[in-house]
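In what follows, structures are represented as structure tokens.
One chain, subunit A, links the two complexes that follow: it is found with subunit B in the first and with subunit C in the second.
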Partner chain A sequence: MLIIINNVLTFVGLSGVLSTIIVIADYFLANYGDCKIDINGKREITVKGGSSLLTSLAEKDIFVSSACGGRGTCGLCKVKGIDGCGPLLPTEKPYMSPKELEEGIRLSCQVKVKRDLKIEIPESIFSIRKYKSVVTAIEDYTYDIKRIEFKLIEPNEITFKAGQYVQLESKRYGKVRQPVMRAYSVSSNPSHTDYIELIIRKVPEGIMTTFTHDHLKEKDEISFTGPFGDFYIRDTGTDMFFVAGGSGMAPFKGMLEELNEKKSKRRIVFFFGARTTKDLFLLEEMKKFEEEMHDFKFIPILSHPEPNDGWDGLTGYIPPYFEEHLRDPKNTEGYLCGNPGLLNASEKRMRELGIEDIYYDSFG
Partner chain B sequence: MKLTPQEVKIQERLKPGVVTLDGFLGKDKRHYNEIIAEDLEVLKGLAKTKEEIADRLDYLTKKALPYDEDGVVIDEIYDLQYVTARGRIISPFMDRTFWPKGIITLKNLQNGVEIRWTPLSIHLIRRYGFFQGKGATFRTEPSDLIKAIF
Partner chain C sequence: MEINSFVIFIAAIFTSNILLTNFLGMCSYLSISKDMEASAGLGMAVFFVLTFTSGLNYLAYHYILVPLNLVYLQYIIFIIVIAAFVQLLELVIERFSPVLYYSLGIFLPLITVNCAIFGISLFMIIRNYTFIQSIAFGAGSGLGWLLAILALAGIRGKVREKMLPKGMNNAAISLIITGIMALAFIGFSGVVIIQ
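After this line comes the complex of A and B, so read on.
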């Protein structure tokens, strides 16, 4: 028995030592030289081999979305591997759908650059940058929602579409030993290129929102990456239904500021859901949009108004109110941002009414 | 107790500030394996399996989801509310699964028992029998859980 245990321990020990030697040798001795990465067949970058594809691209200011910082735990940093990416690793497979496996999609944090590669990524990624910024304003919108303004330091200008989001990076604080990244829609007007603002709701137990609500102060420096996402207004001229609840207001605020500035003639109805009057915010701004814009209506709907709220507006769920504001379903687009429950119910009702073009920014 | 490297890593990930702000262990100083073993023993005495509990929580979660924070009463007994946040949370057990960020609260209108859980809690109960450490934000004693949802 002792001999067996001894042999097993020896084997395990030797395996461990050999693995360590291989890792150390790979780190210090493996020289992959310069490697070329062909992107979309249009652009070629040269990087020093040996790092992950995610890191190599980031070093050339090409930022593939990643929420875990390349630790292989978020599954977001997907690219299409055309050539040279090596075999799919067991660490990647759980994040891939059958279709993605078939198409050769890879996690860029798990692909090591050892030779020349060919990959495909969405063209929009080329406009993504990492920004250093300083907090210039923090304002309470409600008891659990804040507006935070970030003045850009480096680069000092950003180009984005209203409705897109950025990934904010926290710092170490309290018990939190590693920075985390979280996505937030930009709520400012894209024409203001030297700052962005975010609307952030505090999430119980949330690492990032506890950071932004309880630890972040004016003049603090903070980094973010972006812009990301395809939730933005299509330039079609149709009527638009906006639907949001809570901090889902954020992308619409930016969209409305931009549409107002551009003197848009589009007809817009904005349905905003909240529990009580304590959860409503930006009412003055919405009233101003109603006064200034060509055809804009803001419709707040409370699900649980309290007796002392003095609320004489609409109550209940949002979707039943769509029909009375709909002119022509074939000439109406739906834009939805918020909780999955609200979005699913809204989409279902819109489709029943004949609205076909519906765009989402789901929290779920 | 001899721990595998994987178990050591998981224990670290259950601590505050790694996956969630307050972690999954509360004030419990025990290793998660001991917490699981003790709770599964309690479940035996209560004649319920971890799968039955997870199935029930899953059923209630799906019923609550369409109503978000507005809340809904299901089966005339369960007063439910589902608060959602953007994004997904990774399982601390390194099983490479991600779960919606949400908090479901339930009040049993018949006996007044109140509990709360997350989609991740259901996964941890179903796959590992991990109800979280004593004093953890989302721990509910298995006996209270059963009183609330069955």
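After this line comes the complex of A and C, so read on.
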């Protein structure tokens, strides 16, 4: 008995002493005092030093986009470091193009605020806010895809471009102790400024999608930040190819609703990929767009139709079908949203066909 | 043990190089050795940590565990001491030398789980070294590790990866090079032997 107590006491004592030393050291050593961050030479914020630039900015309600939540895996949170950011880290290098390296672009989640900084960020970031909202509708589109509607509470209005995305913040549930942030494209029409709608597909074991599919209920309050992203329709008047797979439908739904409302005269071909007929959704809405819009065609393509599906439409991969609908590659823009495999294959085929303007958001 | 500390120091570098004779600390050795600069950084960090933790663990063993009859706790205590020391070192370096932190600091978390560090602490206990001998052994082993990873990084820089058969690049060729290096180091073994 004495031995056991002796054991435990020594072990706990030693660990205790060591952790105390670390805590004390952390208090004195990692205390960088207040640091000033100069943004675009126009505004200056004062933050407590020691944490990452991304979180320091977020504390002051400046939300640099980040899909991974600051783990350095998505490469989205780029800012231009003018002064005081320290040398480029090996963790940042893989995400930088040679041009960005030259300009001094940095990942804000990897830069630690230790002294006064000078940075440059796009002005549009200042319109990004944190929104409080309440869930007003949850609807099943397919067995794994849901439509969720969020009515804004504070602020009660949002301005965004169709195709942009927001970052939803999960709440604690079950064994998940830390809230997580994940990016989803807004699927509602931007002319409705008092609510947003997201289309979310359940990822097996996904922390966020388990939350949205199994725990989130109507009337729940939930926060998101946004809008982010450069994925929106360029106002050029060219033909447009939309390519989406599964829940990649989301941004296009918003775009189509807006284009339809504005009576756009542009020619649009929408290639939509799914596995089986069970994965198809919004078919009636697409039919309605085909009837109402000037020149819109919806082309669903199934990769693995089942024999008893009774499917008589197109099958296989999407990219081989581009060519027959292409009129003038120089006068066509590609808009892509879906998994990386679909994005890469579609972009490759479009470039082969001579389409130069291709837009997409890749969510790390 | 009646061996001169200096002899232990030299022997730990050459004749019983921790990496090339015991093959300890292989994981970070294989993964970081592509690049000379990173290898030097990691090697320096290992040298630093080894020198200090061998001394600290000596004190913990002889002044805490032995008097309390808790020698069997050495494994867990050594690991805690190493982890705490690395944490502390990281904090200190980050604060006082940003330059050193960027070249060395990012490797420190890798070192906590480096088996060479733990191995040295166990060897010095088994071999009954004195305090001075332990530190000499730790510092020597650290320098030996640094030497080995620098040599491998240098050799890998000269190997034209395109000429290698498929599947032989990266870890496979590194292991072969390490094997040949280990054979070459046997040449030192006539000088002094400590184990």
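Basically, the second predicted complex is superposed on the first by the 257 of 364 C-alpha atoms of A that agree within 3 Å, B and C clash if a C-alpha of one lies under 4 Å from a C-alpha of the other, contacts with A are read in each partner's own complex, and residues count from 1 in each chain.
The rule is short, and it goes like this: a contact is a pair of C-beta atoms (placed from the backbone, for glycine too) under 8 Å apart; a residue touches a chain by one contact, two chains touch by 3 or more.
No experiment lies behind these values; they were computed from the predicted model shown.
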{"item": "Partner chain(s) touched by A:G341 [first = subunit B, second = subunit C, both, neither]", "value": "first"}
{"item": "Partner chain in contact with A:S303 - subunit B first, subunit C second, else both or neither", "value": "first"}
{"item": "Partner chain(s) touched by A:T10 [first = subunit B, second = subunit C, both, neither]", "value": "second"}
{"item": "Touching partner for A:I358 - first (subunit B), second (subunit C), both, neither", "value": "neither"}
{"item": "First, second, both or neither for A:I207, with subunit B first and subunit C second", "value": "first"}
{"item": "Greater residue coverage of subunit A in the superposed arrangement, subunit B or subunit C", "value": "B"}
{"item": "Which of subunit B and subunit C A:L314 touches, first, second, both or neither", "value": "neither"}
{"item": "Touching partner for A:P87 - first (subunit B), second (subunit C), both, neither", "value": "second"}
{"item": "Touching partner for A:Q178 - first (subunit B), second (subunit C), both, neither", "value": "first"}
{"item": "Overlap of subunit C and subunit B interfaces on subunit A (superposed complexes)", "value": "91"}
{"item": "Contact set on subunit A toward subunit C in their complex", "value": "6-7, 10-11, 14-15, 18-19, 21-22, 25-26, 29-30, 86-87, 89-91, 114"}
{"item": "Residues of subunit B that touch subunit A when the two form their complex", "value": "15-18, 20-23, 65-71, 82-87, 90, 96-98, 100-103, 137"}
{"item": "Residue ranges of subunit C in contact with subunit A within the complex", "value": "38, 60, 64-65, 68-70, 73, 76-77, 80-81, 84, 87-88, 91-92, 94-95, 98, 102, 106"}
{"item": "Contacting residues of subunit A [partner subunit B, same complex]", "value": "67-68, 73-75, 91, 94-95, 174-178, 182-184, 201, 203-207, 209-210, 245-247, 275, 303-304, 317, 339-342, 344-345, 363-364"}
